[in-house]
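Next, two complexes with chain A in common: one pairs it with chain B, the other with chain C.
Presenting the complex of A and B:
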């Protein structure tokens, strides 16, 4: 079976709390507590990386490359972080993150019953996110 | 990754779905009238409009950032210009101008020549002191707060 384009997606609010976690069938599927812990760890690492950076005005880690996976992170100017764990060397993850950010601004933020900074429970977001990830996976397999 | 160039307000406005302007004006007018009926005090209504605007602004800012591709503004002058030229154009379809800068560049006025909210509206004498478009200042306040700019 062909590999999924991405392994998992996390969305963290500005205080470091996990508000969305989706696993796309990777071996490293996590339960709720683990995912919460991992998200706050990443939030702290991201903040520390901004302090450690030798360049002024660094906005934090954007890419983490490991042997068995890549982690791409996007932080909006409002402090919300979107990061995906994917196969090493996957191209165009930044574009996918941008698409996910736009889906978030549409289907989550425009839902008047969604409380800011709280876990995302928006069906429309889930549906459109799956479509976007499928499309990206299709594009990847087609290359 | 090279940053994408910021998109102009016109381009974004053209690319989103539009609603009938009169419906928009009527809806806003209905909200203000209802608030006046419910709250009676003009100051209370001003406060509510600001609060409503604030709630809109905190959500709108991400939409703005996602679509406009702007990077962090260097100073308050740039922030005001971005709000007036890109922000208002993108959401209301009108361009505002920034005037009345004070000596230290911390205070300015954003002027809307053509404000869709107030089409056909005339304030009666009983509503003196009503900030009819207070929702707009709430929106700006909410949006800026989410990117850590605190202002009055």
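Presenting the complex of A and C:
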């Protein structure tokens, strides 16, 4: 199994701007402009999907299944969205997204030098995030 | 609910069996649905981690070219999507815990071919008004729900 379990991670702020993008070695590596465009597109799609709901109380797309990848999205209560592109059928992505959210609150939001809604440039966040992803990948490949 | 669009965005068919909430008028609803799907397809083709070379966002994709999504799920509904090589898009909106509906969509496409495409009085690109298609579709949907 040469393919990486998780392909990439995006974090977008309340207004749809990309604040964090990390690629984990997939062939679909994007440059900055493309990742910004994709993030804004996703933000709009998420909002439109709420409008099209046949019942009340829709909170947007949580999972998108395509032929060669899955996309899991988690929206926090503040409107910040975390989404992960991964292999089809990967289990426990929701748990991973919650872990990433916890890391975000610990290393980014509690950082006194971090401005809200700005791109994330916190080393500790990067380090801990890589650890969490590696652990998840190890658990997946070891299965 | 079920929608069918052709490759130009004309809504060929719309049917609802259980829809408690309607936020927009039908025309807007159809346009919004088509727009959402068009953009999502473009997005999935661009985000595909397995293909190295991709077109730019916003370039219309031929049916079957590039990676396409087949379903997405929210907390209140699940949308299943299928596009035929001729550009006919079939969409089913169901309960969020529904399983994989790709086979069902293929079956509905077959129903379309049998009762609509082979119908000599049906003009392609116009809304579908074939009784046999409607009744068979209702029967099939009732049998799988």
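Methods note: the second predicted complex is superposed on the first by the 141 of 143 C-alpha atoms of A that agree within 3 Å, B and C clash if a C-alpha of one lies under 4 Å from a C-alpha of the other, contacts with A are read in each partner's own complex, and residues count from 1 in each chain.
Criterion: a contact is a pair of C-beta atoms (placed from the backbone, for glycine too) under 8 Å apart; a residue touches a chain by one contact, two chains touch by 3 or more.
The shown structure was predicted, so the numbers you read here are calculated from the model rather than taken from an experiment.
K.L.:
Who does A:53 touch here: chain B (first), chain C (second), both, or neither?
P.N.:
Second partner only, chain C.
K.L.:
Of chain B and chain C, which one touches more residues of chain A?
P.N.:
C
K.L.:
Please indicate which partner A:42 is in contact with in the superposed arrangement: first for chain B, second for chain C, both, or neither.
P.N.:
second
K.L.:
So, does A:7 touch the first partner chain B, the second partner chain C, both, or neither?
P.N.:
A:7: touches chain C, not chain B.
K.L.:
For A:85 in the superposed arrangement: first (chain B), second (chain C), both or neither?
P.N.:
Once the two structures are laid over each other on A, A:85 reaches chain C alone.
K.L.:
Please identify the positions on chain A that touch both chain B and chain C, taking each partner from its own complex.
P.N.:
Touching chain B and chain C on chain A: residues 62.
K.L.:
Please give the residue numbers of chain A that touch chain B in the complex, ascending.
P.N.:
Result: residues 62, 76-80, 94, 98, 101-102, 104-106, 109-110, 116 of chain A touch chain B.
K.L.:
Contact residues on chain C for chain A in the complex?
P.N.:
Going through chain C, the ones touching chain A are 1, 16, 18-21, 23-24, 29, 32-33, 35-36, 39-40, 42-44, 46-52, 54, 57, 67-77, 79, 93.
K.L.:
Please name which positions on chain A make contact with chain C in the complex.
P.N.:
Going by the criterion above, the answer is residues 3, 7-8, 26-28, 30, 34, 37-38, 41-42, 44-45, 48-69, 71, 85.
K.L.:
In the complex formed with chain A, which residues of chain B make contact?
P.N.:
1, 58-63, 65-67, 72, 146-147
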